[in-house]
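Shared chain: chain A. Partners: chain B in the first complex, chain C in the second.
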Partner chain A sequence: MSDAKKKLLLIFRHGPYGNKLSRAGLDVALAAAAFDQDINTLFMDDGVWQLLPDQSAGSIDSKNVHSTLQSLPLYDLESFHVDSHSLAARRLEPAQLDGQLVLLEPAELAEFIDSHDQVLSF
Partner chain B sequence: MLLHTVNKSPESSDALSSCLRAALPGALILLLEDGVYAARRGSPSAEQMATLSGLHCYALRADVEARGLQKLVAAEIELIEYADFVRLSVECHAVQSWY
Partner chain C sequence: MNFSLLVLSSPYSAQAGDSAWQFARAAVASGHSVYRVFFYHEGVYHGSELGISPQDEQDRVLRWADFSTQNNTELVLCISSAIRRGLLDAGEAQRYDKPASNVHPAFVLSGLGQLIDASAHSDRLLTFGS
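So, the complex of A and B:
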């Protein structure tokens, strides 16, 4: 095994509470960050809903995905990459979302994903 | 180069359309499970895949045959076996699954 750091991309494409994917992905993000890996996150399709503030998941007996996302900067995961096409399709403005966002235009999306060594999809 | 796998039908999910937005020219796209419905000759999804330059499109033969699609697959889409799936996974630097 090489000790070289690998660039890891976690793609979130599903909404926060319809399934367990979001939690699983966030667990991977926290674990990888604890091992000092080079991680990026990308939110696209319904995954962009995870970045909406004011989630109070206690009402459905779930843990708040948004609060976990807010803790990621503590692990040096400072920014969230967001697919601008997915925002537009949902009539969402970046200002409505929380966190430090890096918007990816359609022409940038493919290159961005391809620039990583490993891609995991949640 | 990335291998993209898609396992949802294009009519039920945006998995394929998002995949096509996120694939570089030259990327490999493998349709499997219900994703093979996108391989139908003349369907909007098959035509879209054919017009995007440089994509290599495959469908898993077992899933195509299981669904009775073997005579309906567009010419641009190559049917492959499980062993080919393994080989492509190894040859590409990463695999992204759209589901």
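So, the complex of A and C:
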């Protein structure tokens, strides 16, 4: 492992269940945090559903994505960036979501993404 | 420029693996290098030595293996993605008492740390298949 520390952005674009990419991306977030990388997350498109609390994942034999998200602040990943347009398109209000949110307008997205060294998409 | 690639989808259900290979080839042809390809999630199926391609299709496994040899690029299968999908090398087959192994020797099984390391060692890390 190199000492080089990069600023990573993990973009989550899929819903928490149905497609297990959400879980795969979270595992990368946890690994990156364990290796002391500087990480941000961005939830957009159906990825915003991951931030809804009270997910009953056990009833579909899945692990709870939201519970894992709640553990990220333990790794100094305290806020979740959210595409406000993706929320509005799904009639979700920020107050319905859990965690410390930073809402980004569509016009702000490009600059935000560009401020990172590496961008991974799940 | 030095690239690493993250491949998330299986070779036979999506275009992404082919796009990754085309990108890697074009990058090298343009004088760049590809440090590592990390196969994660469904992408680990790229490492199965037992798949048989129809004669009128390119062998997706062998062409990555050839690319790796020719360009000194590491091919890494995420170990947790791989073993749950039945992609085992000899060591994992022995560890879990399974009757066979099937990972092509051009690929190594390793952890997510190799993806973070690829990020640290590369100018760009590109995602294919999300």
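In this text, the second predicted complex is superposed on the first by the 118 of 122 C-alpha atoms of A that agree within 3 Å, B and C clash if a C-alpha of one lies under 4 Å from a C-alpha of the other, contacts with A are read in each partner's own complex, and residues count from 1 in each chain.
We adopt the following convention: a residue touches a chain if its C-beta (ideal position, glycine included) is under 8 Å from a C-beta of that chain, and two chains touch if they have at least 3 such contacts.
The shown structure was predicted, so the numbers you read here are calculated from the model rather than taken from an experiment.
Visitor: Contacts for A:Ser121 in the overlay, against chain B (first) and chain C (second): which applies, first, second, both or neither?
Guide: So A:Ser121 meets both chain B and chain C here.
Visitor: Who does A:Leu26 touch here: chain B (first), chain C (second), both, or neither?
Guide: The answer is neither, since A:Leu26 touches no partner chain.
Visitor: For A:Phe35, decide between first (touching chain B), second (touching chain C), both and neither.
Guide: second
Visitor: Which partner does A:Leu109 reach: the first (chain B), the second (chain C), both, or neither?
Guide: first
Visitor: On the A-aligned overlay, A:Leu72 touches which partner chain: chain B = first, chain C = second, or both, or neither?
Guide: In the superposed model, A:Leu72 contacts neither chain B nor chain C.
Visitor: Tell me which partner touches more residues of chain A in the superposed arrangement, chain B or chain C.
Guide: C
Visitor: With the two structures laid over each other on chain A, which partner does A:Arg13 touch: chain B (first), chain C (second), both, or neither?
Guide: both
Visitor: Examine A:Met44 and indicate which partner it touches, taking first as chain B and second as chain C; both and neither are also allowed.
Guide: First partner only.
Visitor: Thinking of the overlay built on chain A, is A:Lys5 touched by chain B (first), by chain C (second), by both, or by neither?
Guide: second
Visitor: After overlaying the two complexes on chain A, where does the chain B footprint on chain A coincide with the chain C footprint?
Guide: 13, 117-119, 121
Visitor: Tell me, which parts of chain A touch chain C in their complex?
Guide: Per the stated touch rule, the residues are 1-6, 8, 13-14, 20-21, 24, 27-28, 31-32, 35, 37, 117-122.
Visitor: Give every residue of chain C touching chain A within the complex, in rising order.
Guide: Within the complex, chain C touches chain A at residues 6, 8, 40-41, 80-81, 111-113, 115-117, 119-122, 124-125, 127, 130.
Visitor: Give every residue of chain B touching chain A within the complex, in rising order.
Guide: It comes out as residues 1-2, 14-15, 18, 21-24, 27, 93-99.
Visitor: Within the complex, which stretch of chain A touches chain B?
Guide: The contact residues of chain A facing chain B are 11, 13, 44-45, 85, 106, 109-111, 113-114, 116-119, 121.
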